[in-house]
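First chain written, first letter: the chains are A, B, C, D and E, and each begins at residue 1.
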């Protein structure tokens, strides 16, 4: 049955997008933008949604809550979008969500993972699992590697603290002992002393939660300082840039969690399309941005171009959707479940960790698909 | 013990990057006495020019490095022409405004041209060498060495050469300098050329040591500014000492205090030092009272 | 532009306007090169948000946040107000960053980088300012009060001393005035006003986190007061309007996607800033001359 | 010396100069001539525009009208350093030394366009004229006493060996013996072939050594004549010489 | 405390070293109440340094300064000013981006409106004080012939005009001791006469005391009751103008000739 249509069917379906497109964190916002652009291309090349093309309007939040609100109001009031993608940072997403609820606009965040987001309200969705999911997965890695002692390095922001906390809790509960829990600052370029401190404890394994920019420096400087250990990373480091930025030798053998799976045909297709469009490997989180846009498009198709329609339809379309970043089934709070794959750097590329048991013990993409 | 030697070296390496930026900064400061907020952004452009030359135009490292210094010098001269020269007789804060604006423009321009991606030189064979307990890479060695060479060179330039004295004269009184037969526009252009070339060198080396981002300039400016002030304004070796001090304090401090307070440690020392010596480590108090006649 | 957006921007303008006026008192009138203003804004925001979340009425909380910002300014002023010029600038910049590090790392109080969500809207005696329209009224009232107080300060004999300090502090001392106390007074008052702005911000956005109080904000306000005309409150407010309108207005220009519109907006904004500064180096409305009949 | 006579050897010619600062006009059409080898003095009440006149000749004010010629070449609108290159030198009244440079460096800057050997020789000459400066040569000019500073300012002006030396109140803040010496120097400088244009409040002395003199009043030339004529003019005496 | 009744200002063994240079060398003198006291000496002999030491702008290496019997050595400049000492600077220090009138009004001590709260609220007594100060400023400006420039920015004045502003600004505080560092250099001789008359008037009518540094001997010899002579930081002579004029050492070091 066709969805109920808005009074006058628009010429184009406008979708809002808010992220940090300039400033320090621009690399993440721009990356999301690329993933979104790719999705829009795919949708429009396939004839749009019921013949109506999609247009995304990109707004910069400058990593500021006030500016994010301006961007939001511009999109909602002027462009009259019923749905907004973003933002990259959990805090900006958090700052936006009361307004989105109030104005009844659907907010689909691609990669915001703060646990507090689940309290946002019915119009909030996130296509990435909450931080809390990664800690237990790390514990599995530790068990598999058979280590009882480990070190943790985490970036001092909401994301880093979130992942670190859940891991520390789970690891210690499982009888593990942490040699050192070492934070470091966002935006830094000199982590030598932090690395040296970790090195001083001679850890067999170091779990690290970080972002691409800082992580690549940590790995490089760790190699320079002769820290020999088994690294295990969180999802946001598993990006092709990291081996490039840190240097192949520095990251050889590093293990990590990949959100979703690179083995799926969905990911391979995405990677190919991305390479074709932008001439480079998919940037960090572009797959999540792609999926967010795809889900929104499907929801418009199914629920109509209204906020309420999209909100309801999102749950439904996500049940079956599988994209490059995996299955996206939402829980009652609109937070997507995560599935992880263990990967390792070989010859400068992230590849599946061979020895891994069935790496995805969380309900896997294909299992839930019907 | 070994750890502390390495800690100290870490501090020196960090200090070297700050010093490199601070030397160029203090050059421009010495002539125009305003916070050149665009300094870091100019360094960033220099880093990207070197990057493009090396990775896209396949220019060998050293010529690329020098080429970037040359091109960035040109950029500096242009920036001065457009954004600072018209304000020569305006209040200093007006120049600060345009300097901030220039950094907006440069950051945005590079982001448009190069994208927001993090870049790296991917230098091969840049392993670290182990000397006793110490690990250091060639780039880091180059950073420390270059900063010292630049410092000595600049000190010589400012105190020994006619150009250097003219620069100080221009800083002291532009009208009087003009009346003395000094072509102040030329001198200031020279200052910006040299200062920007030094900035490019610092940007490129920092980029080689870590990575490049269009927004990397801000922190370069901040650290250079802090180092220069700590050393005592208008004092080249003061700037370098200030820079190494900040680097060492940060790195040794982080050993004892959680690194989330890293910047705070540096600033704390800065504040303490200026509390004890309100005109910086090498600034002369008597000179602050010059005008009491 | 739709009404709701205009109202929102106006609310932002009232908040930034208060910040601009308060910084203008410290920088424009007194010549204290304060780069840590955003910290006081943050202190106000956190104090007020935490108190109201703990059940304190907003009216009391806002007074407390002003008192808190003023008190911290007082403590900070004790060691720093001996410093002049760029030395003061770098120290206040450092203190601003240390304050932000406290917001970020005192997790038990501020929730650190996770931010403080669910801040209640402001309310006075049962009147809830829960919509942007209502909030605008509150913002305008606060802006007006700040404006009037700042004007009265500026054009009082007290303000005259401030201007004298800006021109030549030692000479003011020779006239029997304890300049330290004046500087302290204006720093405390200016910071308290920033605290007020912070409270307004917190209860408007209803979410705060340390990234809202970065050094960039101080620079942004600096740009406003320099272009407004240092020492002129009306100029500060007018340019706040122009700035916000321009910066956000560029969102509506419809720049081509392939050119990276967000970065291009920043680039255009920077260029406009340079042009504007060159046209009005002393600000849009230069400091008003005090004429005695 | 008659005006016609002067114009033959005119070195500086200011014609109908209108100048000031921004919109405010200070000089309202000043014309004067200086012949080569003369000492010409200008006196006038405070705020009459004497310093403004000197600054205008050096392109340091906003010129609204009129022409300034040096040795027949129009120098109006040239940047100050180019004017200096033509052979003029100015010792300003205020901000006339580089405070953070040492005494010696100040002199070096004064002779910026001069070669090294000549420079040393001229610095030596300045030190002979003002021995006090030799004692203080490594001291920063900003810490000099007022009089030492003034000596340095004059010394700096002499470094280029100009054809026309313009001095704005050179005797300011100098001790009596040094004032003597300065006026003596001015005579010697002229004898060495340099033309001197002198603005002075020490008007009796300045008029006494002047070949010709002008009186500036509210931005206009009010009187002119030989130094002696003006010294004896009762009106000038009352208004400018303290009766 | 060894208070002497006649001396308003007493300087004892004042010494100041700048690095290796001794600018003031065990200098002692007394300025009697109600007198005009001259301080002369060659350039660089330490006169201005003495001023800076007395007014707290420099800290003495040795020696003490007494004012009205109070030891004021080492006090901050504003504290010393509040004792009733006003000064001018050899190189003028006016507030350039403030008008002449504002400069003068700043000279008044302890104005109620200079308190933050009163300044903002401005009750009647603030206005009253302000009016009185304005009145006084106008009178002073008339004396130096600057009434037309009252609302002009100080930075836009000529050198001598700025000097006059500084002089009148110092007088605004109604000080007991006025310290003038070369008050007449660069001033037109006709105006100098007017200023000297006014200084004498202030001394005669209001009993003010003056400490004057000056190189113009006509001024010094006509104006001063007593004169001290510095050379290389040391006091080499002190006496009446006639005595100083007759002092061979002074003639040699400083004056060249003397015609009081």
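Please note the rule applied: contacts are C-beta pairs under 8 Å (C-beta built on N, C-alpha and C of every residue); 3 or more make two chains touch, one makes a residue touch a chain.
Please read all numbers here as calculations on a predicted model, not as lab measurements.
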Contacts common to subunit B and subunit E (chain labels): C, D
Chain separated most widely from subunit C, comparing mean CA positions: D
Subunit A-subunit B separation of Cα centroids, rounded to whole Å: 36
Rounded Å distance between subunit C and subunit D, as computed from the means of their C-alpha atoms: 50
Where subunit B and subunit C are represented by their mean Cα positions, the distance between them in whole Å: 29
Centre-of-Cα separation between subunit D and subunit A, whole angstrom: 74
Subunit B, residues touching no fewer than two other chains: 107-108, 111, 258, 260, 263, 286, 289, 291-293
Residues of subunit D engaged with two or more neighbouring chains: 143, 145-146
Residue numbers of subunit E (touch at least two other chains): 18, 48, 57, 89-91, 93
Complex contacts: residues of subunit E adjacent to subunit C: 55-57, 76-79, 81-82, 86-87, 89, 93-99, 101-102, 105-107, 109-116, 118-122, 126, 130, 134, 150-151, 153, 169, 173
Complex contact set, residues of subunit A against subunit C: 21-22, 26, 30, 37, 58-60, 63-66, 69-71, 73-74, 76-78, 89-91, 94-95, 98, 114, 116, 119, 156-158, 161-162
Of subunit C, residues touching subunit B in the complex: 27, 79-80, 82-84, 86-87, 89-91, 93-95, 97-98, 101, 104-105, 170, 215, 219, 222-223, 226-227, 230, 259-260, 263-264, 266-267, 269-271, 273-274, 277-278, 281-282
Partner subunit E, residues of subunit C touching it in the complex: 149, 152-153, 156-161, 163-164, 166-168, 170-179, 185, 189, 287, 289-292
Residues of subunit D that touch subunit E when the two form their complex: 21, 24, 44-48, 51-52, 93-94, 132, 136, 139, 143-148, 150-151, 169, 172-180, 201, 203-204, 238-243
